[in-house]
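Read through the structures below before going on.
Note that chain A is present in both complexes that follow, paired respectively with chain B and with chain C.
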Partner chain A sequence: MNQILGVAADEWRYWRRSHLALGGAIVFLILVISTSLLNMLRIDAETHARSQNQTQAEDTFRAQPDRHPHRMVHYGHYVFRAPAPLAIFDPGLDFVTGQSIFLEGHRQNTAMFAESSSSADFGGLSYLSPALIYQLFAPLIIILLAHGAIVREREAGMLVSLLSLGLTGSRLLLGKGLALLSFIVILLLPLVLTCLFAVARGETFSAVLSLFGAYLAYLLLWGVIALWFAAIVHKRGTALAALTGLWFVMTLILPSVAVNIASNKAPVAGKIETDLALLAEQRGLGDGHNANDPAFAQLRAELLAKYGVQRLEDLPMNFRGLVATSAEEKLTTVLNEYAEKRMAGEVHQEQILINHAWLTPSLAISFVSRSLAGTDLAHYHRFQKEAEALRFSFVQGLNRAHAEKVSYEDDINRNKSEASWQRVRVSAANWQVLGAYQFQTASLSDRISTSLFSLRILLIWLLAFLCLFLWSGWRIKP
Partner chain B sequence: MSAFKFVLNELKFSAKDRTLLLWMAVVLGLSSLSVGFGLSEVHSQKKVIENLIVSDRQDRIAEQGKLSDWGSAAYYNFHLTYNSPSGFAFAALGQRDEQPWKHRIRMLALEGQIYERDVGNPSVTLIGRFDFSFLASFVLPLVLIVLLYDLRASERTAGRYNLLESTAARPASLWRLRALIRVSAVSMCLLIPLVFAGWFAETDFLTLLSASTIVLAYAIFWSLVCYCFSAWRKSGSVILMTLIGIWSVTAIVIPASARLIVDRTVALPSGADILMLQREAVNDAWDLPKDATMKPFFERHPQWAHYQPEKSAFEWQWFFAFQQVGDQKTEALANAYRDGRLQRDHIAAWVSLIAPPSLLERSLQSLANTDFNASNRYESEVRAFHRKLREYYYPKFFNHEAFDKAALERLPEFNSGAQAAQ
Partner chain C sequence: MFGCNLEHRATSVSQLLLGFNVLMLQADSLHVVRSNKAVLNDISFTVQRGEVYALLGGNGAGKSTTLLSFLGFLLPSQGRVLVKDKDVGADVMAARRAISYLPESASLYEHLNAIENLQYFLGLAGVDVTLGDMDTVLDRVSLAPDARKRNLRDYSKGMRQKVAIALAMLRNSDILLLDEPTSGLDPNAIDELHRIIRGLADAGKAILMVTHDVYGACQVADRIGLLHSGNLVGEFVAQGDDRIDTNAVHTAFASKANSSSLLSNPPSSNPQLSKV
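What follows is the complex of A and B.
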């Protein structure tokens, strides 16, 4: 054990004297801290703006004057997606997904106003976040420190004497590994600090801990890869060039190539495409605005029979309101079916993307990180589903008011005169059917279970290279 | 030794250089992959548009049963608008994953429709596609760095440096020649697939030529940077890390911080405000006296000012007038939103002068018509088309023309202007 600690201490001493390692680490820390600060400011401003918009939208809706309830169905409502607390570390999809959805009767709208679509365009790599810095640059710093670990002694001819002094190869490697581990933990301090700010914003400690664990595994993997290389090559230059090559292939090239493959293999039909298919199907459902639509003949016959009356006017409820309720329900079933299909398509595409994490751990960590932070595709879908649930509930609430509080006779004659317009109005108290909305991340256990697939891949990567690393440690040769 | 022999020797040496051959193969493979995927993506986007044109038309025909007058025709008829990928889009898909390139709009207030975003999986947008512009802008410099950083240092460690310096007639020209061979070899591997793909996609010759020229200039720029640093009397690792540092700063740090700064300094009206204002304007109109709607409407369309709205009944004229007035009321905000985005892009164009990777990517996107300007042009086309729809229907409404389903065949059709421009 003492030998291992001694090797680790020596390694630290060497790093402290090396300008390159020291400089790299300092630049990295400055970069990660400044990005964290800037990102936190941005996310906080967004959170504030979006929750204010949400309250304002709810207040305006509830403050609408007395009117025909169906007018409110078309008046509609807005929901805004507040960023997850851990978005200050990994904003994930927040930037490229729409922040608000307009909710109205008879339609499911897309999420609008993604920040990226109005942002200054500097190309692919300019969405810098603390998470991306860890995924992209931390491996580079680790390579910078670790690439010379054993090959350095080998080049200087010192490995013979070290090994003849009774130090075994595996202890030497473990010592270097220990030094690197301690360095990685230091690298991760800004992550912990940033995430603690998320705790102040409502996140749990365990989420921070799991995020820390995931990044520890990822960086450890790179450390092990780098040390393994350093143990088997004979020239420092070779180690550095090869590791740098590996770094940009893994972090830069493979993830986007995987995107190409996934979108090519499993294309997802766009909303307009599916909407048109849906419209074709929906034509049989009947237009909820038109109570004479033959699609409602059955409803009409049933109701007349149920209440034993001859005319729609004699029903205890407004037939037009009932038609609107029934049409909305049928339509929503179809809309949801299509929406589910679209989301399933996206999830399938994403799954293909995640499978490529077998080729590059940087894809694995990016998915784990987004899932744990609550900024992944699952959460974007969650937002859409919650918005839809809210839409359906307030639209049906309004339709109920339409059926119960507006008389059928007034309703069909509403366009006759100013006075008939007045008669079909219901009191603004009915607008309280609108529920308050706040987007919240899923529970941690849900988030962990989404991340499990990619997490497992990451851990298998780590395990595989750990074995390779230890194996080469036993066989280390001068 | 004659100059010719000198070059020939060096070529022979390079032909045996396994590192160089490996990277040439990698670049050739990646370039083919990127243009291949680009071509297939463009193909599928064109296919989507073709299919949409058909099903959009079918939907309009199927909905005809609902139409009983001009007003209901305007209300129920949706129209497809789209922005076809240009002949060079395969090389730089740019904003097409981020900005909408297809809409289905109708005669209602446009502001409520134009911000709909029918874009794909956000994970795809976030990670970004591996297209040619990404390869050339971000990966090519790294390949050049790896190939050139130890031009001298490797010979120094191999112990051949002094020998080479003393045997070469002009030592400096040896390193220059070696660098030149490496750069040209890699650039060729990068550009050959592009040219083939361009020929296949029938890209405009000038576009292809300018793209190749700027990519070459970019490769030369990075080679010069690497060449200068490789002359530095430091160890190979210091040179390599310095070069990668320069890459990181120009490819990531400057663009990312510039994005933050530009977004912060050029304020935009929030999209939510535009939508809310538009909705309030349209919905309030139901409860306002009709004159309150018709007056601002007639200001824009004095030719219909003779029209006398009925006092209380529902009229399509009034309905569509308040839709338009809704747009009029949000005009200032919507313009500010557009101008703000244009200004952000304008500043980004200047800032990218100090971030060459962004500069190249932006230039390729602009050649491919996939940059912000192109999506802004598309948005203007949609607005113009919507205006045409209004111009088609308004005379029918206000002149009380008899409803004629056959005339619906002569509805304005959207023509993608970008389609013509390569």
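What follows is the complex of A and C.
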């Protein structure tokens, strides 16, 4: 153990005296700290703005005066998705998905890009997140530091001197590995600090620990890869060239190729074609605004038979409100089918992408990171589903008020006189059907369960290269 | 000259007291094959406590291979190598612990100064020494005190060699393996190094050095083995107080090694070759 610690201590001394490595590490730390701060400020501002907008939207809806209930269906309502606490570290898909949805009757609107501040970002420069820096640049710093670990001694003919002291190749490599591990822990300190801010904003310690563990495994993997190369090649230049080439392919080329493969293998229908298909299907469902639409003839017959009356006016409820309710239900079923299909397509694309993590650990860590941070596709889909459930609930609540609190006769004659117009207005108390909404990050066990497949791939990568690392230590000879 | 004889007699007495004639290194019908090529063929020799044995040969003769075999980095294809009567193959680490090895170009870290290098390497070897011990040994190898805190990248080859020798001395192993220890040194440094080597042997160390420096080997060695193309083709032994005759070794070396460029003087017509 003393030998391993001795080698580790000397490696640190070498790094301290090697200005290039030290410089690289300082640049990295400055970059990650500044990005974390900027991201933190941005997320804080967004959280505040969205929370305020949500409250304002709810207050505005509930403060509407007495109206015809169906006008409120079309008046609509906004829901905003507050960022997850760990979005300050990894905004994940939040950068490319909308964060607010306009909820209204007869439609499922897509999420919109809400931040007006985004308009200033013509270069996409604000997309640099701490997570991205860890995923892309930390491996480069590790390569810079570790590529010469054993090959430096080999080139200088020092291996024979070191091994003749009774030091084994494995201990030499473990010593270098220990030094690198401690360096990696230092590299992860800004992550810890950033995550502590997330804890202050409601995140759990366990989630932060899980994220730390995942990044430790990822950076350790790069360290092990770098040391393995350094132990088997004979020239330092070869090690550096091979490792930077590997970094380039794994972090930049393969993820980009994988995205293209996923979008080609599992294409998802675009908005225009989806809207056209929906429109065609919607025609068959009937127009919920028109109680005389033949699509509702059966409903009419059933109701008249059920209540034993001959006229719609004699029904105990407003037939137009019942038609609106029925139409909304049928339409929502269809809309949900389309939405489920689109989400399934996106999940399929994501699965194809995740499978490419067998080729590059960068994809594995990016999925693990997003899942644990609560900024992945699953969270985005859940936001859409929750928003839809809220929409359906308040629209049907209003339709119920339409059916129960407005008489059919008044309703069909509402435009005939001011008095009948006044009679179809229902009390604003009915607008309380709108429930309060706040998006919550999934529980840690759910997040871990979502990330398990990618996490397993990442650990298999690490295990495989740890074996190669230990094997190369055993093979080190002068 | 008279003083030299007295000193040598005194050494002989101390050799008796220290239990000399103990076999520290032994190559027994050693064959080594590297990359399917026989590098050493049936080499046999011994080195005793208090003895300097020089293996002399040209490039590619198998000198360094012999040293690497004693360190267990190369295992014999036939025969065996023994360190302190123990087969190296049976316990490589025990062999390495018993040996201080000085490679041809002093392999030390350039980012460290002399003291730091000594501390680091001795720490790895598990040898506990004080700063005072280090200064004493560095004084013995004549490394200037003001140079000791400078990084080795500013050192000349001779200065590095001094640090490497200091390291070998501080390890206080019973056996020293020296690979071309005088290579690249100036004449004064060579004399100084020879004096140190001789002193270590007289203190009871067994020293195996490989070299192609005929004069140096004759000056310091008790016995010289002549290595040619992996074969031990001759052995010269110092007789009594006399050193080995340089001309005799010259002649044998030139005829066997076919490396006349190494020789600066014509070979003697009276070689004292004890075994060919």
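Note that the second predicted complex is superposed on the first by the 465 of 478 C-alpha atoms of A that agree within 3 Å, B and C clash if a C-alpha of one lies under 4 Å from a C-alpha of the other, contacts with A are read in each partner's own complex, and residues count from 1 in each chain.
We take it that a contact is a pair of C-beta atoms (placed from the backbone, for glycine too) under 8 Å apart; a residue touches a chain by one contact, two chains touch by 3 or more.
Fair warning: this is a prediction, and the values are worked out from it, not measured in the lab.
Asks: With both complexes superposed on chain A, which partner does A:417 reach: first (chain B), second (chain C), both or neither?
Replies: Only chain B; A:417 stays clear of chain C.
Asks: Scan A:256 for contacts with chain B and chain C and give back first, second, both or neither.
Replies: first
Asks: For A:145 in the superposed arrangement: first (chain B), second (chain C), both or neither?
Replies: neither
Asks: What's your read, chain B or chain C touching more residues of chain A?
Replies: Here the partner covering more residues of chain A is B.
Asks: Just chain B (first), just chain C (second), both, or neither: which does A:88 touch?
Replies: neither
Asks: State whether A:462 touches chain B only (first), chain C only (second), both chains, or neither.
Replies: neither
Asks: Of all residues in chain A, which touch chain B in the complex?
Replies: For chain A paired with chain B, touching residues are 20, 24, 27, 31, 35, 38, 42, 49, 53, 56-57, 60, 65, 67, 71, 74-76, 78, 80, 92-93, 95-100, 102, 109-128, 136-137, 140, 144, 147-148, 235-237, 240-241, 244-245, 248, 252-253, 255-264, 267-268, 270-273, 275-277, 279-280, 283, 287, 346, 349-350, 353, 366, 376-377, 380, 415-418, 421.
Asks: Considering the complex alone, what residue numbers of chain A touch chain C?
Replies: 2-3, 6-7, 10, 13-14, 17-18, 156-158, 160-168, 477-478
Asks: In the complex of these two chains, what residues of chain B are touching chain A?
Replies: 30, 33-34, 37, 40-41, 44, 48, 51-52, 55-56, 58-59, 62, 66, 80, 95, 98-99, 102-104, 112, 115-130, 134, 137-139, 142, 146, 150, 153-154, 157, 236-238, 240-241, 244-245, 248, 251-253, 255-260, 262-263, 266, 268, 270-272, 275-276, 279-280, 283, 286-287, 311-314, 337, 340-341, 344-345, 347-348, 351-352, 355, 357-358, 361-362, 371-372
Asks: Going by the contact rule set out above, which residues of chain C touch chain A in the complex?
Replies: That would be residues 68, 71, 73, 93, 96-97, 99, 101, 103, 105, 107-112, 116, 120-121, 123-126 of chain C.
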